[in-house]
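The structure appears right after this line, and notes come after that.
We call the chains A, B, C and D, going by the order they appear; numbering starts again at 1 in every chain.
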Amino acid sequence: MLVVMKAQATPEQVQAVCDYIDQLGFRAHPLPGAQRTAIGITGNKGEFNRGNLEELSGVAEVIRVSKAYKLASRDVKEEDTIIRFAGSDATIGGRGVAVVAGPCSIESREQAFAIAESVAAAGAQFFRGGAYKPRTSPYAFQGLGLDALRIMAEIRDRFGLRIVTEAIDAHTLGLVAEWADVVQIGARNMQNFALLKLAGKLRKPVLIKRGLSATLEEFLMAAEYVMSEGNYQVILCERGVRTFADHARNTLDLSIIPAVRRLSHLPILVDPSHATGRRDSVLPMARAAVASGADGVMVEVHDHPEKALSDGPQSIYPEQFALMMDELAQIAPVVGRSLPRGIHIEAARA
Amino acid sequence: MLVVMKAQATPEQVQAVCDYIDQLGFRAHPLPGAQRTAIGITGNKGEFNRGNLEELSGVAEVIRVSKAYKLASRDVKEEDTIIRFAGSDATIGGRGVAVVAGPCSIESREQAFAIAESVAAAGAQFFRGGAYKPRTSPYAFQGLGLDALRIMAEIRDRFGLRIVTEAIDAHTLGLVAEWADVVQIGARNMQNFALLKLAGKLRKPVLIKRGLSATLEEFLMAAEYVMSEGNYQVILCERGVRTFADHARNTLDLSIIPAVRRLSHLPILVDPSHATGRRDSVLPMARAAVASGADGVMVEVHDHPEKALSDGPQSIYPEQFALMMDELAQIAPVVGRSLPRGIHIEAARA
Amino acid sequence: MLVVMKAQATPEQVQAVCDYIDQLGFRAHPLPGAQRTAIGITGNKGEFNRGNLEELSGVAEVIRVSKAYKLASRDVKEEDTIIRFAGSDATIGGRGVAVVAGPCSIESREQAFAIAESVAAAGAQFFRGGAYKPRTSPYAFQGLGLDALRIMAEIRDRFGLRIVTEAIDAHTLGLVAEWADVVQIGARNMQNFALLKLAGKLRKPVLIKRGLSATLEEFLMAAEYVMSEGNYQVILCERGVRTFADHARNTLDLSIIPAVRRLSHLPILVDPSHATGRRDSVLPMARAAVASGADGVMVEVHDHPEKALSDGPQSIYPEQFALMMDELAQIAPVVGRSLPRGIHIEAARA
Amino acid sequence: MLVVMKAQATPEQVQAVCDYIDQLGFRAHPLPGAQRTAIGITGNKGEFNRGNLEELSGVAEVIRVSKAYKLASRDVKEEDTIIRFAGSDATIGGRGVAVVAGPCSIESREQAFAIAESVAAAGAQFFRGGAYKPRTSPYAFQGLGLDALRIMAEIRDRFGLRIVTEAIDAHTLGLVAEWADVVQIGARNMQNFALLKLAGKLRKPVLIKRGLSATLEEFLMAAEYVMSEGNYQVILCERGVRTFADHARNTLDLSIIPAVRRLSHLPILVDPSHATGRRDSVLPMARAAVASGADGVMVEVHDHPEKALSDGPQSIYPEQFALMMDELAQIAPVVGRSLPRGIHIEAARA
């Protein structure tokens, strides 16, 4: 914490601020400058309550210096976190580019299987599909619930895809943790701290989507909530933020990728589907995500988007997905990564 | 819904779009213009799934026309909603200006009583105090919980103040509904749809704070979630949105007041404390709120803000609160309202 | 300037940063903390070039402390700046609330005179009207130019109103300075530094509208540009900023009023017409502006807004303007101000 | 234009709106819907002045449909615009990826030549360097002016690099057009319409940087201003927009790339240096830009960034630039492009 005094502050005012800080058990370090004096605050006693500091005579501003997240920080753990899955060589956060694909919502067993088959064939290692949908309107389709979870468990068995799906409250959190491989916390729940704490008690990886107006610090604090309860398997996911720009649904903020790399050891994916809301922007942004160094992408794929019960306009076709995989496989080596391919991609290209 | 065709679209393309719309059971109305053709869509079949519409040949854009909220809309109910409380003449939404005041968090019985006494003396009709705190950091003070609810229930009995406090999950929702008079849903939970639905099953008024990046439509849709479950006693609360501006914690958006008036019958309060985060901005923004036509204000008051466990720098002193009440009482008549005063204000002024 | 070291930084790294700072002629003040060391930088040598500071081993972050504006700051001049006009008792920045009113564009002598008469009758002291219009589209009406300036000069002579109008480049700046009383720099030119410098060479008051995404510091730096050339008569004007919110054209940011008061001695007006873009929001926001402590308002008035060549939907009718004046006159005393009235208001009310 | 009526609007109100529209010489097309009636407006008479439309009884909303830009639109010209330079095979907008590189400011002949040599060696075809700097502070370094233009002209002769530099007013526009190959209009002047019109009279390519809060439509309208004066050689440049996010100086909005592709035929570059303000983010965002389909990148390179007179912290080192060129050369083929290489890249890699 740093207290900046006004230019006109008297030596007595500076002293009074120092005394106040000392009195609270911290240490004050006055730093006389050419125009103003600043006062550094150090100490071991936990968060300093700015309290009346800004109100003391002569004080111009109080600046916070230390970051609030600890477990999510590279200060605490320098090496990258890699999320692994028993019985699979898929990882999130390692040298491979993780690809999560599937429909916005699970609508039926047939639809889900058809899409799963096509994305598995193209090389995806993870399958996404909504069972519980947080919809802006109470009148919109809310998801198939437990039936959807069961369908996705079958998909895991059949295609070897790991399952990523969203939980929206305490009840569904338990169900998702039981049936799926990665528990997703949606953007609108990124600061639902009660839910984050419960997710911290799970022993399954938790994928947290960035809130629509979340700063990087808040995003990492959401991860910190989960980690502070003992669950260190946290995956971040950038999905666009809300700005004045109206040419895409949200503004995809890829510059968060190098920033997360610098400050945190956690892996970060990018969801170009929700970020842009437009099919024709998904491939360009997926390529950009991998080029920027993201640990993977999460995209919506639908075989009949015109009939999708949600998010049709942003879902890409299976053949576009195969093309995307091909493009990402070419970009990945530029950033020292690779895309799991083998027969899948070859098949898709053939 | 309106489909805008590209300038170069052929008559065949226009026809194909019309056929597609008809086929889905809606009616297409082609509108040839000087440069482009637009196609209106009407019908009775619920939400139109844009599906592949934007992908059809020749289509430039699809524009949604109808609003998704219904119960919250003035289209459905023209007269203003007024929230009343049994055994009290305090209202939210009528001719009176509702004033909710109290500390950010209940810290102790002594602190809460001292503050309650001073705000009651100055004319407040509602007392606010956090029992369950949604804090950005898992390491920050999280509230006294049930003890705080009990203290506030005593305050109601003693000072006649109605109690407003926040619930953060299903469990605390039940407790708050039992002990308090108004159940608050915080800004970070404005799109926690699971919680909103549960709040809709209560028979207590629900105060919903605007999310940090919520559009007016999303804000009204949050109200719609509560109302769609049968609870029509909803109060909106503007508390600032997140923008690039850095001179206040958030940007208080008072222009939402006339917009809510136009579109909805629900009452709306303004919280200048959380919006600005600065004590010296609370009174100016409280005055502005009432002048803009808000139904009331919600402010943080603390007798020793320098010792507050949360939000000290934005809490005003009891004497500032009394001054604020005096100022609001003078502004209220300009907008055809009044502030409940009587002996309270007189005493505060003496 | 403050350098924050990483938690793992070694004493040698801290020393190397201190040496680097000293070498550049500044003084380094290491501040060992519980987790990290911070290093304060002081010195008399002008702006410190952060240069490679953030790149040195062990450095986590560099934080700038001192503000860049000087002449616009209260640090340099504590008392409020009041703009006065020869031969008039109208002021901007004193105890009176300044009211600037008129059409978006001067369309004809008849239109301008009719509107001027009605706003003068209601008590306005300043007349605004566009002569040179900065329009988003090159195909839109661009203003009557010099003819408009001549019409407004006649209006000054006839009604005693001081004239405020916008200049958009070097050429029109000279003309506006010659014919008008206050030279307006529009929001889109707030960082047209070449124009600001030229405005600094004038000896007429300059009104600077806040840019659509200007921070408070940038806003004050625009004023500093004008003042640094010797023209200290600067008036600020808040007119809404661009955010994601879509219920008004822009988001009026009234919380900048107390912030400007705190940091600067310059007067600040509020323009609710451009901020909201909606007639039904102008009066609520004008009232809120005065209640928040603004030095005045600037509003668009048109006698036939449906025929206006620009900004019709946000122009209020003369009778609404008279009502607004009446409302502002009631609110002004609450903030220790008054609205110039006399026969004008009385007439308007009668 | 589309008028949406309120749900309660009477047939008489609908008729009155239609009559009003007809009366203004346009054609009204009523579209009765299940809940509301909408009224389409068509006509050949230029921009419809919404005027009082929103004020007529029963009107809920007025929605604008047609876009204001014409010459910049793909509706008018379907094939991509390619900017060519006499005596050079460098293009902006074709199959090649254009790379513009150089220091923020020209500081001396030595500095400029050293940097030019290194970027030419690595394959850049364009050299950028500030001669006239639009600085936020009037006290900051403002550029070497004409001397800088002369140095850059020498660089063109010596290294075959085409010169891109910024003009800030009418005077410098003439000089830059005389000495340089591409005239840059900076972000802060994107809506300096007077300057745009003058740029439209030039016969040199004009590069327009996106304003910090410019929508895509406003960005294209800035291009339209230049084109409406007869200069069709316009290059767009995305350089980040202003949002609440604080981990980078601005938020780079790459999703504008596919949107520009869809709506306009003009080429678009990306400037990752100004967008992020951080050296460690420049390469990731440059890669992402090319992967997203941008026509090229514009980056700041400095051989001694710690001594740079402006923007040191965001300038990359020559060796980082060479690495970037190598990375971009690998990504370009994925989007059907190539990077001009030959001996340059080979040399840089060796």
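Heads up, the rule we're going with is that a residue touches a chain if its C-beta (ideal position, glycine included) is under 8 Å from a C-beta of that chain, and two chains touch if they have at least 3 such contacts.
Predicted model, so just to flag it, every value in this text is computed and none were measured.
Chain pairs B-D and A-D differ in how many C-beta pairs they share in contact, with the greater number at A-D. Comparing the CA-atom centres of all chains against that of chain C, the greatest distance is found for A. Comparing B-C with the candidates A-D, C-D or A-C, the pair whose contacts agree for more than half of the residue-numbered pairs is A-D. Chain A and chain D have CA centres that are 30 Å apart. Centre to centre, using the average C-alpha position, chain B and chain D are separated by 39 Å. Multi-chain contact residues of chain B (touching two or more other chains): 213, 241-244, 278.
By the touch rule above, chain B contacts chain D in their complex via residues 2, 4, 6-8, 29, 31-36, 38, 40, 42-44, 63, 65-66, 75-76, 78, 242-244.
Interface of chain C with chain D (complex): residues 46-47, 49-55, 68, 134-140, 168-170, 172, 188-189, 191-195, 197, 211-213, 218, 221, 224-225, 228-229, 241-242, 278-279, 305-309, 312-313.
The touching residues of chain A, counted against chain D in their complex, run 213, 215-216, 240-241, 243-248, 251-259, 262, 275-276, 278, 280-281, 284-285, 287-293, 327, 330-331, 333-335.
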